[in-house]
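What follows is a single structure, and I will ask about it in a moment.
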């Protein structure tokens, strides 16, 4: 009986996942298949694609010191941003789940956090200059308040600026999955912990945090994947002077050096998938459904 | 709804004033999302298919002015549909998706990458009416007085002609088949903030002068950024080049070493890639010295911020853009493309673009469409007798001003190098990535 | 944590939240401030006069760039992507609740789509359409490109939603003789509905703000972010700031109005002694 039910569920599962699978087959697997093929091609300055089967592009990726430099910078960004967005995201998700009392209010507060993103990223990126720049709002305020005598140069076009930009963009991606996980926590569990004499911190640490592990894992996947592949934020807020893996790929593409860019992208994919598989060992988001 | 707003605007400046509260309200409603009904339909190509001729022009926004498209509609009956792209995307689009446009507005140096892909058709010069009047920089590689234009970098003459209509090879000498018809070109130099520098600047070497630490900028396009640096290195004598526009590996290494040192010392505030970034950097005071475009300097000045487009003793770094026809075009659309080009060179457009501070292909016809004062100011380098207005009627320079750098021939005659892609670009891009990561 | 006096942590966390919201609106503050510049203003400080010029100018045709055309395309595309993201991610989320053969592969393909630099995906899709001579447009190739971006978020959020989702409800429904579809419609859907609103919001926002994946896959007509980006290749006026100010102002206004209406409605209901609205909360 159980076997039959399992089979039935399986049939339904394929039907349910079919649209998703179809979209990714057409718009991701096929085009990326092209990219994989190209990553084995040869290229010259004025002959951009020479059909071939060479590992040279991959060898180049692994033998160039610049690869390791860019990965080091990118991973550093990734870890910093992950730590900040996790703490911030968890705190805010906790607030929205346990302190905001109505669903309406929760939705309103989420909308409030979403609205800035409805102003195009192009506009927002420009607006960092009048905010953080030499004559920007923040520097003017600091000088007028007598906190600093001269404008702080490192507010903009620096690693600091890039991190600020990432935190600005990606914290919401941490909040949403953690919030969804937290919503599933039975409030009586918290009361039970309280009754058992656990302090507020202990309840958070021993009850809430373990129970939202999948949400945290999902938020982490979002943040890691987006920081690792980014080139827009790092380019704009780093003033074009800070490297990331994504930026190196973008530079190659702008010179139509498709094969090395494709190989670079494949290596990036491999590295990040490995990272995420590692993460899955701590919290398999699929097993706890 | 949105269509209507556009429609009213076609009548130009006069109609602009009459648009009142209703349009504002209607537009506000569009923001609220009610634009959907008509908006959706408008986006579908089915509607455009009903138009007699639509030319899809892909390129950067440098010269994709609405006024131009409106005038073309009026004069030729064509619908011009712009695909505005960033400079990076233009070359990618040109090579990977030629069927997504009917005309390409590209820079000359990109041709070195585009033409070998076979996606561009040689244009028959016999079908181009004003061909003989095109500035000889493009057709002979020389100025009207016969002096040769610098051949360092990708001088347009090197890539102006193909050996045949469907050829993938450049012809050394003029042939019947032209790659691009020039649209706009210019000689670039350093823009400076005289109010923040307070002393004369006369050489490219100042770009890397530690005095401007944290306040300098170069282009974020590797092959061009490296040339800004090369102008400096050559000026200080640190490196001597065979051809700055086509460096050897050794020259790249040396130049990059100088650049890397400057970067580590914190010389650069930020690199700019698109026109507007250079305006923002300069106007906000983030940067006081950087290579710029002429209209960008004009824009900074019109905002009330002092800015000078400083002629330098080493000369200018020049660039040029032009219209090309992709290989897939045929029949009615191909004829329309030629017709459009002929119209483009017939004067109105030239005058329009000259008034932005760019230079255009056929000067004679453009002159007929400009006032004597405008011509003298923009092209002859003479003091403006009256206020100089932009094509939209805004005042951009006051009477008495002289254009920085002087006349057309003074400026184009002092070009030392053209924007480029180097034979060693594989190596150069690798070095550039190392430089950014340093 | 039930109704009654707020614990001290509430005030601390509220402060954190308020600061976070202020941080989110930081760049918006300069956008809105600088939108009020005079006709000669630029995109940075110093501010050049104060006027409503750009709030009017945005409704005139711009010399460079078709703001309203691309805006309507972006809104349409965003809404379509939003609907499809919910319609595809929700059943897929259901499917993943039981292990099935191939689930691992699909999961990692979806995650790969999140990782792969967007320009690479974009070039891949654009080139594929060129090779197959298919028409490109925001409604075809760009729509697909957007889905490869929004669906990973949609699916993974569904994972968080179904995380420890109590199967007892469904079993009860099945015991009462409900079919599979009935169970989903009458039991699962109402419980996860608020989360689906979240997925929809994500879908729309990610699509509306997407650049890199669209850049090579959109065909001849740009979406709003692409058009705005291309406008950077020429003189750009504070008109784009006015657009940002309008978008933000109108969105906030719509929320405030809906909130007021909802509160009024609830007040009336409670006055009439009905608790129909409370089931939602």
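Note that the chains are named A, B and C in the order they appear, and that numbering of residues resets to 1 at the start of each chain.
Definition applied: a residue touches a chain if its C-beta (ideal position, glycine included) is under 8 Å from a C-beta of that chain, and two chains touch if they have at least 3 such contacts.
Here the structure is a predicted model, which is why all the values come from computation and not from measurement.
From the centre of chain C, which chain's CA centre is farthest?
So the chain farthest away from chain C turns out to be B.
Where are there more C-beta contacts: A-C or B-C?
Output for the comparison: A-C.
Can you compute the centre-to-centre distance for chain B and chain C, using the mean CA position of each chain? Integer Å is fine.
Inter-chain centre distance comes to 36 Å.
Taking the mean of the CA coordinates per chain, how far is chain A from chain C in Å?
So the centroids are 16 Å from each other.
For chain C, give me the residues that contact two or more of the other chains.
If we look for residues of chain C contacting two or more partner chains, we find 43-46, 123, 127, 229, 232, 247.
Can you list the residues of chain A that touch 2 or more other chains?
Residues 126, 129-130, 133, 135-136, 250, 253 of chain A each touch two or more of the other chains.
Hey, what residues on chain B touch two or more of the other chains?
Residues 92, 276, 280, 284.
Which of the residues in chain B come into contact with chain A in the complex?
Interface residues on the chain B side: 88, 91-92, 95, 112-113, 116-117, 214, 220-223, 263, 268-273, 276, 280-281, 284-286, 421-426, 429-430, 432-434, 436-438.
Taking the complex as given, what residues does chain A use to touch chain B?
Touching chain B: residues 43-48, 64-66, 69-70, 73, 126, 129-130, 133-136, 153, 156-157, 235, 239-243, 247-248, 250-257 of chain A.
So in the complex, the part of chain A that touches chain C is made up of which residues?
Chain A reaches chain C through residues 6, 9-10, 12-17, 19-21, 23-24, 26-32, 34-35, 88, 91-92, 94-96, 98-99, 101-104, 106-124, 126-131, 133, 135-137, 140, 168, 171, 173, 176-178, 180-181, 183-184, 187, 190-191, 200, 211, 214-215, 218, 221-222, 225-226, 228-229, 231-232, 246, 249-250, 253, 258, 261-262, 265, 268-269, 272-273, 276, 285-286, 288-289.
For chain C, which residues are in contact with chain B within the complex?
On the chain C side, the touching residues are 39-46, 48, 56, 58-66, 68-69, 71-73, 75-76, 79, 123, 126-127, 129-130, 133, 135-139, 215-216, 219-222, 226-227, 229-236, 246-247, 250, 254.
What does chain B use to touch chain C in their complex?
2, 5-6, 9-10, 16, 19, 23-24, 27-28, 30-33, 35-36, 38-40, 42-45, 56, 58, 60-62, 64-67, 81-87, 89, 92-93, 96-101, 274-277, 279-280, 283-284, 295-296, 299-300, 302-305, 391-392, 394
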